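The letters A, B and C name the chains in turn, as written, and every chain counts its residues from 1.
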């Protein structure tokens, strides 16, 4: 009876949550947005998602094999990166775009810095930024959905954000732009995974319910954008709501700003991070040249994360009283 | 460099070219390294110009090393270096005006390039003229090679060409970020990783060979 | 939050088969003493006891067979009557060989003459400490710190509140729960005796609110008694940690690196209080304890076990362990010790014997994903992931600065870690090394001071010499 007993260090029970389960939960949470993308933009969207995911997983596998490291593709984190990257690409992009992006995300941003948990910027977002800066023409032209009035080249003239920028500047009225319902269900131009806010919210709720993502980051980030627009637009509630529902804000807030490795760990740090992201999104959208600033905002705050962590880490229980 | 006087010409030269390569090992002179390396030709020109200044400033400073008072050595170095920079700048304006236009102010900025300062301070000021000349040549060519390599990679991805010749297939869409500063940083980082990996492998090989000999 | 009496951090660990839900309903059964009892002389923190019997001696039940080996030490008593078969080295749960007195049971259970306290209500603090010391009572929650030492209050400290730990926050364990349910009167009596002896006017009993029946039983027993209040606490591990319990019940924070008495509180486990009650009222030394047997055993239960009973006897009483058991634990699953030899005896601090399956051992460490779960789980507000990283990088100065010595090794961070990193193990190693390094620094400073002192004394002498 004793021969099979093993000695291990305590604790002798462990929570059922594993890295793999967390990543699988993120994949499940991302599924509705992907399905919505395929519904609105057609089979092409599915191809981009597939290529992106396969490239990311393969890149990680090949790198780890080459370097003689333990293969970690089983933790599903490369799949998450692949999905997020694909969701940030317009459905009209050629298939080499997700391929190049996948290699950049996994090889350059993740593996070269030491793999999962060691990257200092969000891999998918960094890859998107590189693609966006390199091939602005491809990455910056958004197709119309299958349910919208078709244009000759399939591309849309103005994105909801561009419309809203004009409203914000007082050059147009809200009534001329995309309807609130269309914005919410995703019947508007944009990259393939960001348009359907309903799907993203479903996924976000799943993440929070499954204790995968901390609600503090998305809530503080979206809240900041909303409040800042309210304040600067003379309490134009419709405009502020549409700003929240436009562009990549929801996708970024729920899925990319909450990336563990690149966001602060403490509660206070997370709120600061979220508010910082929201502030930069607002500044870029309202006053800068780019129509959308969500990815740059998150990337910037990624870089600031170690600093936030440094100043917001909790004080040892009992230490406070000693000094006070 | 404990006893540099005893060093012969070749090791000093190779030191600059490989062991203490200014770009990949010492990480000096990052400003032109990132600033002008968008085309391979720029790299060559920038590198050679720097080499010229480096070789002659090293030589002169080495010759004057016992005359220059310690307290004013920096201004003295600057005077020497600036003279050669002015010479190469005027030379380029006269004979290579197009290249000069591309490299622009980076040529004048050679005056404050830290490679040149570092070598003047840490080598030329302590070593005889011939060794300083070899050091300048090694360091200069090491710099030239590395920034040309960097520039070639950036040109290939950023424009699809190398030294102006089309190398990428016709349908290639240039990767614009490679022509920007972030592209320079990324390429530099990746090349640095590769150089370090190669160096480490080479070191391991030579150690293995030594062990074999011993066995 | 304040109303809920929360401490910061903490977790809700899950339980496998035959956990609290099953075992809480199993009344305490007395386990008959086996043929041979192995009584270790070191069952507590501090110096081991010194054997006062020799091989071949006849001993009576309750007779002192080991006297305290120092101030921080505890006496050991014979758990049955019989003959001393041997005094030899035997393994304990931690795997170390310790001197043990092996007693051959004669099954007569002949008691030594017991001396209950004459007037229990008028005992002085010193008398109380002597009784507790003679009874060999140690912290029964598992820490096994000698209780009389804990009750020795330094002159500059005040003892205002007695905090009684009935939280039993470890999963699986139900021994304290059953004790509170079955002997509430004895526990309340023990508390009253302590309050009288030490002149303490307030006692707070913290019980996790999932033990409603125990709370009710204690409240009924304490009805009409002044100064004792039974406080339900939220179910959260490690609610039973001294510092956490004090904070939850009194809002007082034990300063980092200090003892709980700094806050005017002394924390005792309900099991300890019960043992004190028995020692005072019946003059009975600590020769048995209540131990939970849980997990993958056929008939889990709570047993009143004689100290020195081999685990094998306990398991046999429970119908044996199931075939897929891969690890045996003494204590709770969060802080207990794994052991392999079932001939190891039950000791004073053994609150449970658990049989667990492979999910406990088949864990594969992977890279930290910086999720911050450990940060939120740590009841001491430390930075587990960061400390682990620095310990593995051997950067011990920084580890010390992050306060690794404040780690209570509760295992909450390791429990929640999705990358399954062995954080607690890392901290144990880290604490050891940091302590060694601190000692080295202290020694060096002391040596330097001594050298300087010597110089100073010499210098004036030299100066005088010159003047002359």
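The rule is simple: contacts are C-beta pairs under 8 Å (C-beta built on N, C-alpha and C of every residue); 3 or more make two chains touch, one makes a residue touch a chain.
Computed from a predicted model, the values in this text were never measured in an experiment.
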Query raised in the report: Ranking chain pairs by contacts, what comes out on top?
Result: A-C
Query raised in the report: Hey, which chain ends up farthest from subunit C, C-alpha centres compared?
Result: B
Report summary line: Expressed in whole Å, how far the mean CA point of subunit A lies from that of subunit C is 48
Query raised in the report: Cα centroid separation between subunit B and subunit C, in whole Å?
Result: 67
Query raised in the report: When the centre of a chain is set as the mean of its C-alpha atoms, what distance in Å lies between subunit A and subunit B?
Result: 41
Report task. State the interface residues of subunit B toward subunit A in the complex, per the touch definition above. Result -> 173-178, 180, 182, 186, 189-190, 193
Query - Touching residues (chain side subunit A, partner subunit C) in the complex - result: 1-2, 4-19, 21-22, 72, 75, 77, 114-118, 214, 260-261, 264-267, 313-322
Query - subunit C residues within the subunit A interface of the complex - result: 8-9, 11, 13-16, 95, 171, 243, 247, 253-258, 320-321, 325-329, 333-342, 354, 356, 359-361, 363, 366-373, 375-376, 379-383, 385-386, 403, 406, 409, 411, 414-420, 422, 424-425, 428
Query raised in the report: Can you name the residues of subunit A that touch subunit B in the complex?
Result: 100, 108, 112, 130, 133-136, 138
